[in-house]
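Just below sit the structures, each encoded as structure tokens.
Shared chain: chain A. Partners: chain B in the first complex, chain C in the second.
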Partner chain A sequence: MLFQLILSGLATGSLYALTALGIVLIFNNTRTINIAQGDFGMFGAFIALMALSSGLGFGGALVLSIVAVILIAVLMHLLVMRWIEDADWLILLTATLGVYYVLHGVSGWLWGRDTKSFPDPFPKEPIEFLGAMISKGHIFVMIIAFVIGGLLFAFLKYSKWGTAMRALKEDKYCASLMGIPIKTIIILTWAVGGIMAALSGFLLAPIIWVSPGMMDTVLVKGYAAAIFGGLYSMPGAVLGALFIGVAENIAGGYLGAEYKVSLAFVMIIIMLAIKPTGLFGGGKRREV
Partner chain B sequence: MLDKQKNNNWFWIALTALLISLPFIIESFYTYLLTTVGIYVVIVLGVNMLTGNTGQITMGQAGFYGLGAYTAALTALHFGVPLIPGIILGGLVGAGIGFLVGVLALRIVGAFLAIATLGFGFAVQSILMNVPLFMGRTGISISKPTIFGIQLQEIGYYYFVLAVVILFILLTVSILRSGVGRAFMAIKSSETAAQAMGVNLRLYKTMAFTLSAFYAGVAGGLMAYHTQYISAETFNFWLSTYFLVAAIVGGLGSVKGSVLGAGYIVLVPYFLADYQDFSFIFLGLVLILVVVLAPEGMAGLLKKLRVRATLLLGQNKKMTDSNVALQSKIGMSND
Partner chain C sequence: MGVALCLMLFVAAVGCSSTGGNDGNDAKPDGDNKANVSNAPGVTADSILLGAYQPMTGSESSYFRMGKGADAWYQHVNENGGVNGRKIDFKMKDDGYEPARTKAIVKEFIERDKVFAMANPLGSAPTSAVIDYIVEQGVPLIGAGTGAAKNVNYPSELVWPLYLDYTREGGQLVEMAQNQFGAQKVAMIYQNDPSGQTDLAGAEEYANANGVEFVAKQGYEVSEVDIASQVITSQQAEPDVLILFAAPEHLAKALIQVQKLGWDVPIVASFIGLDSVVFDLAGEEAVNGIIISTIFRSPDSDSASIDEFRKILKKYYPKEEPSAIHMWGYSGAQVVTEALERAGKDITRENFIEAMGSIQGWKGSIIPEVNLSKDQRVMVSSVSWMHAKDGEFVPFTP
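Then we have the complex of A and B:
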């Protein structure tokens, strides 16, 4: 029982990790607490659902939804965030809240507020793994999430653009002196953040189904995971997400599913009380 | 300066006189709506003090609001506690929980606080939904409020809320004008600088957080008696963001802004109730426009308008451009 809960917890946790990675990436490079991160994924899931119902395959729907979300994220940067780049973080957060409202309203207007089912791209039949039963879909999801996470790490670590993104995180001004095209890199940041959101929306859709509010609690869990890692650390965010996935599944199994969201909050508070800088501490020096 | 003060006082006196006479002029339904606005004014004043004056943020204010509402409703239901003690209890419960959350969450920089309060809002709602005491989606009905044994009708309750609102406006203004208020503003402009000047960061940040939770709790109690029915579904993430939106669109750091913002956030969704999606789009677009183009909100726009008018009429020669610039820089919070 416990092992089974841990396994399926890791599956949902790996999906939270995708949201958390997008959050940390955007926060690192733009100081933005992006409230709309979840709704990027929600919008993508609706686009995918439309594509599917018009006869496109899962691959085509996924590509379409990723392209659409990249477009939304980059547009959000160009139309809104670019103009307030140097403002207080509070102003940045508020602007993303405005985008969250708009995305919510537009999706409700286009597709309605009721919850829609989303076909499962993966086989459902359970298989036995070390004595626990787990659905094949969960295993697929986990593998995909880890491959995506691995690709993101490889991109940031080894590619030229990825290195430039990390340089931006260290020191924006210094990076610009090194000849790094700051503006392009920030657009790239939003695009990659969008890809993460689209993927997490697409992979979560068969599990939590599609509605304008589908990603609200996922957003909270993604942020809880990000805080767990100190908001600056990507490996920390992934670990946090997996931990939350497992913890809430165990709590859900023994206490009842209703308390899953409360658990995310309790984890934030415990983490902040014990180690305010997160698991991989340090963080950034505070600016005066 | 003195003239401006006088002007301002006239503004408030005229507004109060208008609000006192309104129930005799408008339909009773609008009296009900205005009472709702008044209750929102109380909570937005608290949010604005925290966000606009202290530079902290809360995205879970609906949690404190809900705690206040349930405290007032449950004490009335089970122990027959009347209106005034009920809402004070609501405020105290909100403040107590706010203090606990604040002590833990305020150890760290602002961005974390936003997330901690976001999580708090969700957690409170799920507890209200699921712990049997709170009766979840079924909700709780309570009878009409009584004050010294007299039952208040709709108009009576309107006047009661109006009195509470005036009390809270006066309270807020006097807090902001005191040393505490100046400490809040110092924290907002730079935490490091404030600390260097000897402002006890943890004390004042916790105080601002607790105060805003107290305001929210009182407003929750008022709302429970206003609607005479509460259910856990009301106290969701949207409501929390509404309070924040009201403070920002109304005008951060301005008492007048809180009043305007509360009116905005009650009336816009009300008049667009049949077009909920457009109401979201409208609120979102306005929020983005305000943040990008007019960060001082409606209160700031009004101030600019008045300055233009005075300059145009040439009535007040002392009110020069540099004077105005200076004032907006200091962030005169008492208007």
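Then we have the complex of A and C:
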């Protein structure tokens, strides 16, 4: 049973990972804890659903959803965040909370508040893996989550734009003196954050279905994962997400379902008490 | 990163709360200055104000169909002249199935809006949180969609529940597992709140008395993304039958998980999950074959009253597909208007309660026969069965 619980936990954890990656990316470059990150994905899922029901294929729906979410993310930056970008982190967070409520309200108004099904692009049949069962769809989602995480990592590490984004994280003013177009890089950050959100919404939709509140729990787990990993670290966020998925399943399986939701968080609190910078958090990065 | 800990707790608190949005159904502020011809709160010369809390948003929002069903009936009554010349002013507010929000909403309904009665609200956990207050304030609570023992057996003539105590239903689920599938060992997955706990208690009581062994009991929280560990643990316990007490969304999640594990087990489920949306969410293959209890006839069945229900619902909520949950609200609303009618023009809360108790052998609603008295205040007191076949729920005779 242990291996089955771990495998199912990894599958669930990989769903949290994409949200966690988007959170870390945006926080790294803009100091913004983006509460609306989950709802970007929710909006994308609704748009994909509309596209699918109007006869578009999965590929077309995904592209449309990504474009729409990039627009939403960039607009959020241009209309809201840009004007307060030098404010305290708590003010930035509060602004994103406002956007979260706006997106919740608008989606409920546009598409209704009840849960809608979303066609599954992946086969549902289970396959056996080392004595445990897992659905093919979940394996696809896990693979895709890792591929996307890897691509994002490579983009940041090896591409010119990615290097510029990392430079911005290190020292915004120094980067600007070096001729890095800060404004463009920040817009790019929101756009890439939007892509992560759209992918996460699209992959989650067949599993948790589509409603204005669909990402609420995922967002909380995504944040916990990001913080577990150190809030600055991409691999840390992925590991954090997988850890939460597995820990809650094992807690649920062995201690009882009532511990499932809380135990993962208790373990993170213990971990932060021991290592306040998170698993992969480096030296002090907090601004004064 | 020193802020990480408090940040996480803050985010957890924010993320767990649902939206504060509304669907435009919130009650108007108490600015109504029409003459109040009756002494009863909420009653004016031409209207009677009723209030309901409903999960319009959140993970239990499929239950908002109940509110829509009730509203459709009240709109129909209003269009046909109202009750004794008064229109029903039925107001619903969103509590997202969160008891803390329910408390604030009910206080507003009673103290600010001054409702005549709370009618057709939904939820065991929400109702458990407010029932003491409602009764203390002397406000009738009619047709609430809850089977938690505390709510259904509440010792007050002000409380008239829609359906039976989940303790009885829980026993009937195990009885079905035993009689239909010869189960000697059962596992149960239930919603971990007053409704699920009550149903589980009833199921265990029956099992203990009838030689059925409970090999696994797994609760789930409504906010959980998936309920994989509960299903896996149940599977490991090797029950003969899996019993599911879950709302439609979670019933669908459980059925998908059973399918994913390739687990071939007979499933008996509670009527709280009976809704066609389960097929949409889980896919026909995962649902087909389950046996599920019901407190009403099928929304597709051939009867004049059900036919009328479908027409009225479609008229006022054209986008809704008629379902059992719509019928919860619709039927309760029919009983409410019958009692209002019987209470007469000079309505008070007292004579309204008298009128509720006088509804005997009444066949004017979609409930085959309503038999109420001050000692028997539950509108629907027995369950029957359906099973999932070829993508729909059809009547099932054991």
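Of note:
Here, the second predicted complex is superposed on the first by the 270 of 288 C-alpha atoms of A that agree within 3 Å, B and C clash if a C-alpha of one lies under 4 Å from a C-alpha of the other, contacts with A are read in each partner's own complex, and residues count from 1 in each chain.
The working rule: a contact is a pair of C-beta atoms (placed from the backbone, for glycine too) under 8 Å apart; a residue touches a chain by one contact, two chains touch by 3 or more.
In this text, all values refer to a predicted model and were calculated from it rather than measured experimentally.
After superposition onto chain A, the partners chain B and chain C occupy overlapping space and clash. By the touch criterion stated above, A:5 is placed in contact with chain C alone, chain B being left untouched.
In the overlay built on the shared chain, the residue A:252 is in contact with chain C alone; chain B does not reach it.
Of the two partner chains placed by the overlay, chain B and chain C both lie in contact with A:261. Shared-chain residue A:209: touches chain C; no touch with chain B. In the superposition on chain A, A:133 makes contact with chain C only, while chain B stays out of contact range. Applying the stated contact rule after C-alpha superposition, one finds that A:101 touches each of chain B and chain C. Once the two complexes are laid over each other on the shared chain, residue contacts for A:33 go to chain B and to chain C alike.
In the superposition on chain A, contact of A:224 is made with both chain B and chain C. Set against each other, chain B and chain C differ in how many residues of chain A they touch, and the higher count belongs to C.
Of the two partner chains placed around the shared chain by superposition, chain B and chain C are both touched by A:269. Superposed model on chain A: among 109-117, 289-297 or 325-333, the stretch of chain B in collision with chain C is 109-117, the rest showing no clash. Overlap of the chain B and chain C contact sets on chain A: residues 33, 89, 97, 100-101, 104-105, 108-109, 113, 216-217, 220, 223-224, 227, 231, 256, 258, 260-261, 265, 268-269, 272-273, 276-277, 286.
Within the complex formed with chain A, the residues of chain C that make contact are 1-5, 7-8, 11-12, 14-16, 18-21, 23, 56-59, 61-62, 64-65, 192, 218-221, 223-226, 228-230, 232-233, 236, 249, 256, 259-262, 277, 280-281, 283, 285-286, 319. Every residue of chain A that touches chain B in the complex is listed here, in rising order: 27, 33, 80, 83-84, 87-91, 93-95, 97-106, 108-109, 113, 216-217, 220, 223-224, 226-227, 231, 256, 258-262, 264-266, 268-269, 272-273, 276-277, 286, 288.
Taken in their complex, chain B has these residues touching chain A: 51, 55, 57, 101, 104-105, 107-112, 114-116, 118-120, 122-123, 125-127, 129-130, 190, 192-193, 237, 241, 244-245, 248, 276-288, 291-292, 295. Within the complex, the chain A residues that touch chain C are 1, 4-5, 8-9, 11-12, 15, 33, 35, 38, 89, 97, 100-101, 104-105, 108-109, 112-117, 120, 124-126, 128, 133-135, 138, 207-209, 211-213, 216-221, 223-224, 227, 230-231, 248-250, 252-253, 256-258, 260-261, 265, 268-269, 272-273, 276-278, 281, 284-286.
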